[in-house]
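A, B, C and D label the chains in the order they appear, each numbered from 1.
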């Protein structure tokens, strides 16, 4: 893994993108370290009285030339709400890049599966694959058509399929009810997924049953983000593993779900 | 004393006025309560992690028609620095008006004496006197010409004399070295003062020696601002008195200085 | 409609929201901000047999999410309370409790006895946990034996509801609570302040005139909730929980841990209308989560 | 140039900044952010005789200006430390201390003995104050007698610098410190975490799998400073102060209260470079206030 840095990044964009989502664009004065798909940042939120610890946020996109990273954030509480109020020119102290990356080859027939804010790390994953000449299929699950985030950008990097709970766009139902998982043959050799835990548990179960390689990115509560505190552990077949350093990506075969 | 209120006031102006001073103009949706000279407000500072309690700030000016109050603030630490960053449209939760007012008649030959940020309550005092047809003389002490705050406004309400430590404007020296206090006869029947403690102690000593009535406004540390916690006490001839309710104004004869 | 009534071992409250002694004056200081009669009750400033000037200034220092105080029980004495404060409070349609402090058992007993003669004071809160006085105070509350002794003595002289306020500055809060229960307390309240200190690094002087003082505010809440949980599961008398309550959620946390009622303290300084904010918030929470009776929440933590 | 060297009863530190066990991993986790050799030293994660899986998830909850943890001494055991971690640490030009924990006296003794065989570990910190394990841990640290017993036993088996880490969850911290001093400790460090808990009001479940956990962070600083001040004035051995240190000013507060060195704990999570921020800030403070030697600050509070 590349060197981790702690840096004050400058906010050069903070865009509301529907519902409780917004996208922060942060610029670094110095060259960015190498960032891998599914890695995350730990963000210090200074002016929220209720926010003591840093907040882990996936790295949604990276532009090495402009020296920017983007974070796609959903307002979940005080900390993220405070981030939503950042203005251009403000500084944000960020520790990054943190965590592992997908261990499965990003080169075969890959299906990326995301739900809700879990779509965040998949954009950079798809962009990363493109750099090496690969084009994943992408299945994104949303509550409703109006929740769909950054449709065109994902579509640049792969074929995108949608499921919505209310059927207002793509297929109706959860991602697991999508025809991809319910037709005769499943054309992918690996599934990489990020989303709400119930979705990932269902996916893990399906993948194990159908003997398809599957990795999921988890979101346990973190204090340090760098493997020092042992707070973020996930119970696995090999005992407690730190989600911040031995994850966030785990092969579902490892998990005790 | 009039009824105290807790209100979200809207910031309609936040002006830097030299050095570390700024002036907040706050508007109330409802009519203002009656406010008396030397009363203060307790301001809740929400987005400063280091600021737990409210901050007491004198009411610098009042406009009942526009339903605005003004606060003249000096950056002293985290709390006041955070206030300096408020922008138009922001809300500020304020408890006001608090404290007593001058007990001496505001009708005789009154000298107002202020030093540094202690000039804040004197503006409204002078405006209040004008309403009843009186015009005080005002002696303001500053470090240097460049520190002088809102010169023209004070001059609307009285003759203003200046002392500066470096002699760059008015007389050179502290207010106590000003010729007003050092000539044959002292033409005022009462002195009302606010400023740094050493200045007020010197003034109190002078007034007691010269048998001139003198009241000073104190700035003890406060937790509640409404007489409930007994933290802000000043030791007086009658024992501990709360600066927030039995003050901030004290007759120097009361004090054990 | 949510039923917010609670019965604290005979002391009937229209809702579980009280105020913490020393943070609410004599109630009237807050009358511009709070309809006092909406509260379950309020507990007035610590009262001693004789008047006390308290400690010298400075008495207060801000800390991370909290504050230190060293007021030192400044008050005008029990007789002044009976003559001057009581008449202003006695007709309020809420429970007014007096926080009774002392530096020896005799003082506690005599103060309690005199308060006991006031018909409209239904209960006292016996403060055996004040860290800000040289003699007595916290010393009584940090040892089960002496805690039991002072409570037993007061019990004999005071016939109404006797709530005893515990100090958190102890190894084993349960042993103190049990001693106090055995000595005849009707309920316990916890926690009082934690003994702390702060130094101004510029002047190298302590920030309080007394060097150490009592810490309160949200900073202490997790420890207070833990102690309430321990005590509530180990004594039979009701527990009144406090320490860092600012919001309704904070209050509910104490109820879930086992408190039958709560006190709002330092939060009154942050928001003079904190008590009604908490009360309204509890009602809203109950409506949102389908709680019909506040008793469903008391001790309702799932494990 | 400021002289920052301190001599902790024979343990020589190039400056008073250490790190708190359990918050700094094995140091190497922080190597991207901190030049480890600049530190006075660091104290690695709590190590036990046998490997421990620790407590189930969730192990962490945020609180006002602090956090609760219930890690429960997850570690791979002393032999793993000696074989795998020690070789990576032994050549660092700073003091690497091992925090030794146990659930019975024999375990403490044997773990200390094995660490004692590592030539480049100049000291251990004996953790008799962990609130997150069922047996042992804090139980040893809350009673002077058992604290003395475990220290005396380890003292016999361990010849190098023996620092003993005290629990703040006690009525009388001085009595514990004295017992530990009498039993042969070379220094004491305080404080470990405060026992606390938090409940999620939406789910009504405890936020930690173990219900209660250890509270750390700025919230506890005033209590920690008070305890350090009390202990430093009542024992002869040096005191290492910690609890809520984030800035240089916080560290200096502990020094003024009587600590000879300090530990940065939870702050490492807020700023992975917190230790060097504190160190640089101490140097700046000394220059600004004309302090030539850090020893001028130690116990330097004016009264």
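Descriptive notes on the structure:
As a convention for this text, a contact is a pair of C-beta atoms (placed from the backbone, for glycine too) under 8 Å apart; a residue touches a chain by one contact, two chains touch by 3 or more.
Bear in mind the structure is a predicted one, so any value in this text is a computation, not a measurement.
Contact with chain A and chain D alike is made by no chain in this entry. In this assembly, B is the chain whose CA centroid lies farthest from the centroid of chain D.
Per-chain Cα centroids separate chain A from chain C by 47 Å.
Averaged C-alpha coordinates put the centre of chain B at 36 Å from the centre of chain C. Chain centres here are Cα averages; for chain A and chain B they lie 54 Å apart. Counting partner chains per residue, chain C shows two or more touched chains at residues 63-66, 217. Contact with two or more other chains is made by residues 49 of chain B. Taken as a contact graph, the chains are arranged in a single closed ring, with each chain touching exactly two others. Every pair of chains in contact is given here: A-B, A-D, B-C, C-D. Listed in rising order, the residues of chain C touching chain B in the complex are 22-25, 29-30, 32-33, 45, 53-54, 56-67, 69, 71, 74, 217, 266, 268-273. Residues of chain B that touch chain C in their complex: 3-6, 44, 50-54, 93, 95, 220-235, 239-240, 245. In the complex of the two chains, the chain A residues touching chain B come out as 46-49, 82. Partner chain D is touched in their complex by these residues of chain C: 63-66, 68, 142-143, 169-171, 194-199, 201, 203-206, 211-212, 215, 217-223, 225-226, 229, 244, 249, 252-253, 256-257, 285, 300-303.
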